[in-house]
Amino acid sequence: MPVIPVNYYIFFSVALFSIGIVGVLTRRNAIIIFMCIELMLNAVNILLVAFSKMHHVNAYVLDRATTVGTEAQLFVFFIMVVAAAEVTVGLAIIVMLFRNIHSVDINFLNRLKH
Amino acid sequence: MFSAFDNFPALLIWLPLAGALLSFFIRSEIVAKTTALVVSALSLGIVVASLFYSDPKFYQLTQVSYVWLPGIGSSFALVLDGLTTTLCLLTALVFPMIFLLIPKGRFQSANNFYGLMLLTHCGLMGVFMAADALVFYLFWELALIPVYFLSSIWGGEKRIKATFKFFIYTFLGSLFLLIGILYLYLHQNTQSFSIVSFYGAELTATEQTWLFLLFFVAFAIKMPIFPFHTWQPDAYEQAPTPVTMVLSAVMVKMGLFGVLRWLIPLFPLAVKNFNTTIIIVIVVGMIYASLIAIYQDNLKKLIAYSSIAHIGLMAAGAFTLSSVAIEGILVQMFNHGINIMALWIVADIIEQQTGTNKISALGGIAKKAPMLSVFLVIAAFANIALPLTNAFVGEFMIFNGLYQFKPWIAALAGVSIILSAVYTLNMVKNVFYGESSAAVTKFTDISRVQVSVLSVLTIFILIAGIYPTPMFEFISDAVGPIIKKYNPN
Amino acid sequence: MNAIIISALWGVLMMYTGFMTSAKRTVSLVAIIGVVLVFVANWLEYLGLSFVNMDMMGMLQFNTFGLVFNGIILFSTLIYFLLSSTEIEKSSHTPSDLYALMFFVLSGISVIAGFQSLLMLFIGIEIISIPLYVLAGSDKSNLKSNEAALKYFLMGAFSTGLMLMGIALLYGSSGSFSLEGVAAGVGVLTPMRASGMVLLLASMSFKVSAAPFHFWTPDVYEGSPTVYTSFMATVVKSAAFFAFLKLFESAFGEVHGEWQMLVAVIAALTLIIGNITAVFQQSVKRMLSYSSIAQAGFMMLGVFALNTYAKQGMILYFAAYSLATIALFAVLAKLKDHSIEALNGFAKQHPVVAFSVLISLLSLAGIPLTAGFFAKYYMLLAVLKYAELLWLALVAILSAAISVYYYFRLIQAIYFREPAAESELDFSGFFKVVMVFNAILILVLGIHPDWLIKLIY
Amino acid sequence: MHITEILFWFLTSLSLFSALMVVFSSNPVYSVLWLILVFFTISGHYILMNAQFLAIVNMIVYAGAIMVLFLFVIMFMNMNKESEPQKSNWLRLAAAVSGGSLMLILVAALKDNGGFINSLRGEGNIGLIKNLGKVLFTQYVVPFEISSILFLSAMVGAVVLAKKEKSPVVS
Amino acid sequence: MSKYVFLIPLLPLIGFLLNGLGRNFLSKTLVSIIGTGVLLISFVISLALLQEVSAPGFSPQVVKLFDFIKTSTLDIPFSFQVDQLSVLFLLVITGIGSLIHIYSTAYMKEETAPHFARYFAYLNLFVFSMLLLVLGSNFVVMFVGWEGVGLCSYLLIGYWFGNNEYNNAAKKAFVMNRIGDLGFLLAIFWMLAQFGSIAYADVFAKASTAPVAVITGITLLLFIGAMGKSAQIPLYTWLPDAMAGPTPVSALIHAATMVTAGIYMIARSNVLYSLAPFSQHIIAIIGISTALLAATIALKQNDIKKVLAYSTVSQLGLMFLALGVGAYTAGVFHVMTHAFFKALLFLGAGSVIHAMHHEQDIMKMGGLKLKLPITHITFLVGCLAIAGLPPFSGFFSKDEILTAALAKNPIYYVLGVLTSLMTAFYMFRLYFLVFTGNFRGTNEQAHHLHESPKAMTVPLIILALCSITAGWIGIPPVFAENAHHLSSFLSPVLGTPVAEHGAFHLTHSTELAMMGGLVLLIVIMIFVAFKMFNKENLTAAPYRGISSFLSNKWYVDEVYDAVIVKPLNRFSSFLDRIVEAKIIDGLVVGVGRAVQFSSRQLRYLQSGQVGSYILIMMISIIIFFIFQLFWKL
């Protein structure tokens, strides 16, 4: 049977997460930054599912009827829920800003400093 | 023991506090002044009464103790013992005099002025009587805050800056003190802030060193001793003179008191390690302050620097750990308060009448105001510790202690005796003698109230100088506990 | 649980109030009644009377500590509503929506007060955060407000990402989301747990605006409408701290020594940066933002120490800090000019309000006989329990001394300087009464903090 | 190499590539499209791990709803051109370095975590809607209910922000 | 009788209080009566005491009045010692004091009533302090009086406080005395440390148990005190300046009594000094140097009081020479005789000044003998006495000193003789310039010249009589065996004079020859002075060369000014302006500035850019990871 070490998933997730961070750091467009944050959340999701699977398999050996691992998948579900809510508000803010300054470039956000 | 006596300390706190709160709500200046006077006079009465009830042989560290914060082992504990009696007496004596001397209309919104003064009064009493470290700390701060406001609201032109320096400096010091107190509280056997359990704390040498430094800085700033003194001349100059009187007559004693009540009994190892260094620094500072006083052209600053030198002597004496020096300090704290009070009253009268503090602008007041000059000369000579004035006794004993500690240090400190004569007589000469200057042409001699207050002070100066023995009786129980840990037998 | 339900329901009710009445006063009145009800409900739960008896499945658990915390939050909110309702009314055409959002925040805080699972922590924090993004940007035509909202949102979302990564790693190492589950390790920090913990530490530090994760704070606090800054800086920050404290106590308490130094460094950095940067500020509002960072530094000491003193002190700190800051912001919200000079001679024009402001400032500066003193006192006590960490306490008091500098600049302006012009402000009698009540409360807590602290036992 | 492994590597590399493209494409619309591709690959991973429910939800919610919303906003703002100004080079370098070092550190920290092996056999069906639903509505009913508050607040918030004020607020 | 000894100082104190407090109410007459009366009563009591102490078998009495400083560790009673030495001084002080008080009633007549009363109050206070000084039975009470007389000296020198030069002189006197007092004080502490007590009885009894080094140290420190009070090198410069005070004050304080306090102190501690030969050498050397130096300066002074002042310094130097060579009795003897004739000279000078309307320059006097007959005669007596011609008192005391000096070291003797010769010269220069020749003052002064009133002349006469006869109580053995009454009177306190238990014995004939030679030399000096200054037309040529050097007092004041006063002032100003303002306060302010500065810099971290915020956060997280995972904090 194919066996994929969980480390692979961890590395994959971490890589995705880091790409998201790099995106957040390098881009100036608020929407893109926001998308990069979504990327980070997805990296977390995949990691959680991988861990869920891992813990489930470990428990399954002892008990066939175990539900270990469900909670992580539900957590991912909740993350998606929250992300959706966040997107609503976030985009509303971005649109509001755009209405005022006709730009979403975060480098123009510098009225507040020092 | 007389049972009512046990309540005296508490009364000394509550009375001024109540008076202060009342004062803030009184609109009329006369009523406010009367309140202040009555309250302070009552306090004086209580302290005087307690002199008769106290029994030096019956030494205890707590008289009044209400449970306050059981969660952290602090109780509202007060004591009136030999160490505190003289200081309480001084406090209780100084305030009515100040109140008496303030003419109507001198301060805007006078009721607040009197209220804040009474709060200071309360704070000072609390500091001196506290038998619980936390209570001590709270009153320590409580005495500071009202003075800050008094100085900043009613002070001179540069008041905000000067008093702020004073405030932040002393506040920083007291924060060190707080850290020290908390550390001690946590690292001793009993979970209590009471002075008894603090005295019983067993600390390692390293701990003592650190804690000593923390406490010492706090007290050194408060006294103040060289090189922590730079807040003082400015603050004294800028504060309204009645507040300066409180500051220099009573408040600086807080630091000395702290040294005697807390620092020395708590950290014997560290004190022994550091005392030579500290004494040398202080003595150098005394000479330093005296030299600067010689150069001063500002009357109030001159007195301020003189005070640094005198307080320095007491501080140095305390660190000699010699019982004769400490006995000397105990009386000298009182006497210095009386003397400097007299000096400030004179300085205040001059400032009020001429509108200037500049010594070079003054001169020849003696011709216009012979009465004032008499008092000034007496105060001046008390300031330079002439025998048969009160300061001589204390300074003699302190010098004696210093000599026992290290003869050459006493000799070095003695230089300040000479210098004190130089600047004090310079001041007397330039302000009072010589031809009348333009500023003093309209000078009139002092009023009846001023005469009576100055007379009381002068009588104290002379009596305590000629027959100081009763004072030694009051303090006879105080020295033992201070240096108990240094004499194993 | 009572508080969660009532405040959520009242949030919904507030939304509808906007439809039913156009009288803004009525809306405020409903809100005030609501917060009183939530407070009472919370109090009843403290006394043992819970409205719903459902099995929380180990997700939530309300102990006295959490309930007292929640009570303080609700009480602060009450004071906040009483003092700032007029400003909230002015801030929008439909204040009812904003009130609704604040009630949702309250219910989120109530979740935080009882969370037992990382999931609840996550949801609770999101419920708090999302309305705040909106509140920060509620002054829609104001570019500063827009900017604040976007900055807050972007950085908040980013920190949520960090937090989730941390939670995921913790789950990976322990197989559970519950605090006990996470804590039930072998008593050592495996690299995975440690990584998760560091990420959680970072994101929680972000929420409480501890350095070096504090950068959003001054900008957002300054840009947001002052009334909401007040809410964010007090109620919400306290909640974040409660979450921080509870999370690290329950989940990582056993390996306290492993991460303690990290928190010590954060606390020291926060104290130093917050206090020093505040010194030079010319705008009172921005200065108070930095001051709130500085105060966070002190509260971090509680997280650092995690002992009885820390818990007691935290409770006191929440109360002291919130009450004082709310009063200051309430006055500030009424001022048009936020420069320090605008306060010159304030005491001569408004003695009563000035007195309350004075007490608040003294409390923030930690002057004895105000609540702020004992709050700091407990924090120092908590730190000094670790004898070798005297340096941290010294950093704390040095920064406290610096903080005196800028707080007293305000006092100097208010009390010692002459007013430049006639004040156009007019404080209502009710406002004055609440301010004085608030000041008295601060003093009472400063004289006898035991009354509050013994509630948690 | 088993088909699962091939799929894994394929999805992983595609996913990472698309993620990089999200970050580096200068046209926001392309970014969105690449991001949708990322979500698809992630859904693929979910299926590989037998988490069918999440795979579906991911596609519906993320790729479907959220990304459409993004796309809509981008179009609405008329940003479908490639002229986004770039950050200064040293900032981008710093960003890349810090992102890279974070990855390195995490990898170094997590590389030897006790030898857990994730065998992706079909044991258990926790990823199925039935099982998840059962747990969600029994054990997780409280968070489920509470997240409704989250939605309410998001809703109110969006309304508050998006609503056009008729006139400036008068005091 | 000795239990009433407290009355002796108490009466002047009462006089002080009455006059001081009632100065605005009392008439001048009443003030005079009070001021003088109290002193006369004290004098009478002192006489009664003399009766008691000269009775055979009298042992020194310690009369304790009250506890002064009494604590667990220190017991210093306020007590008086009644013995021969103190009673002798009592007599001198109260006696001469009374005369000077009487004199003052006339001399100060022009003052207004309050100032007149102030003057008498000060004088009474001075007498009180001086009496404490000599009566004290321990060093602390002596110190109390010691500083008290310093105070009164200060007050009286600056009596005319409108004049700032007088005030400066007063201040100088006090400060210089203080320098000496410090030495005294340290000696007291040393004695306390060494002997555990500072009562004379205890200290002297235990003195021999202490190491010589300690005794030497103590005695040297005591001597520093004496140098200040008794105006010895290097602390003598205040005394000539002290002539700013009213002339009777100079007579009483700066000639007859206070300045001899140092002599009294050393004589009192003779037990200690006898144990410390090194200190004795120092005292002798300083004493003789001062005597010579002051005498040379006196040669060229033109101010009548300055001449007398330097003469006083010089005579004090001789007294110290006596103490230094161990002739305590001789020293005390000279104190006594000097008190009479120097008081006489000062009062005479006062009379002259009074007549001349406060003119003090002798170059503007001359030929006064006709206008002021009584003053003239008495002044002449004084001059003869101080010059040391037999049978005037100065002869006996000075001779005794010189003999003792010769016994110790011939150089002392030679220098002593030199001093005596100079003394004779400048005193007669003074005499001739003032009383003989032409009047050189203004016409107006000449017109108003008149003899002083009775109240001034009577004391002059009494003092003149004493100046003649006082020496007779100390007839040296060379003239008559056992005629030295003073010596035998004082021997219980001071021991037997060295000369008598002679390690060094001169034959009577040699001694007589030396005396004769000395007298002859003195007469020659007087003759030279007569030749030089008894001229009809004396022109005051400006001094040149060595004369200028001498008339400028060896430039000592200038040197002090340049070496001590000015640098001290500069140093003070340096401390105030640089060290205090810039360094110490600068440090305090600097900390504040540093905070402000870092505040200004730190806030630039708050760039307003979300990107940089997040970047800093990320970097911090990375650092945290490193510390948490790899480098354990």
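Before moving on, here are some points about what is shown:
Each chain carries a letter (A, B, C, D and E) given by its place in the written order, and its residues are counted from 1.
Keep in mind that, in the parts below, a residue touches a chain if its C-beta (ideal position, glycine included) is under 8 Å from a C-beta of that chain, and two chains touch if they have at least 3 such contacts.
On a predicted model such as this, the values are computed, not experimentally measured, just so you know.
Chains touching both chain B and chain D: C, E. By number of C-beta pairs in contact, the leading pair of chains is A-D. Placing every chain at the mean of its C-alpha atoms, the farthest one from chain E is found to be D.
Farthest chain from chain B, judged by C-alpha centroids: D.
Between chain A and chain B the centroid-to-centroid distance comes to 66 Å (mean Cα coordinates, whole Å). One inter-chain figure worth recording: chain C and chain D are separated by 31 Å, centre to centre, where each centre is the mean of the chain's CA atoms. Remark: chain A and chain E have CA centroids separated by 98 Å (rounded to whole angstrom). Each chain gets one centre point, the mean of its Cα atoms, and the points for chain D and chain E are 102 Å apart.
Contact of a single residue of chain B with at least two other chains is seen at no position.
Residues of chain A in contact with two or more other chains: 10, 17, 20-21, 24-25, 28, 33-34, 54, 58, 68, 71, 74, 78, 82, 85-86, 89, 92-94, 96, 106-107, 109, 111-113. Multi-chain contact residues of chain C (touching two or more other chains) are listed as 119, 123, 126, 130, 133-134, 137, 140-141, 149, 151, 154, 158, 169, 172, 191, 194-195, 218-219, 405. The complete set of chain-chain contacts reads A-C, A-D, A-E, B-C, B-E, C-D, C-E, D-E. Interface residues of chain E facing chain B in the complex, by the touch rule stated above, are 66-74, 114, 140, 143-144, 146-148, 151, 154-155, 158, 161-164, 167-168, 170-171, 174-175, 178-179, 181-182, 185-186, 189-190, 192-193, 568-569, 571-573, 575-576, 579-580, 584-585, 588. Within the complex formed with chain E, the residues of chain A that make contact are 21, 24-25, 28, 33, 106-107, 109-114.
Across the complex, chain A meets chain C through its residues 10, 13, 17, 20, 24, 30, 33-34, 37, 40-41, 43-44, 47-48, 51, 54-55, 58, 68, 71-72, 74-75, 78-79, 82, 85-86, 89-90, 92-94, 96-97, 100-101, 106, 109, 111-113. Against chain C, the residues of chain D that register as touching in their complex are 106, 109-110, 112-114, 138-143, 146-147, 149-150, 152-154, 156-157, 159-161, 163, 165-166, 168-169, 171. By the touch rule above, chain B contacts chain C in their complex via residues 68-72, 137-138, 141-142, 145, 149, 152-153, 159-160, 164, 167-168, 171-172, 175-176, 178-179, 182-183, 185-187, 207, 210.
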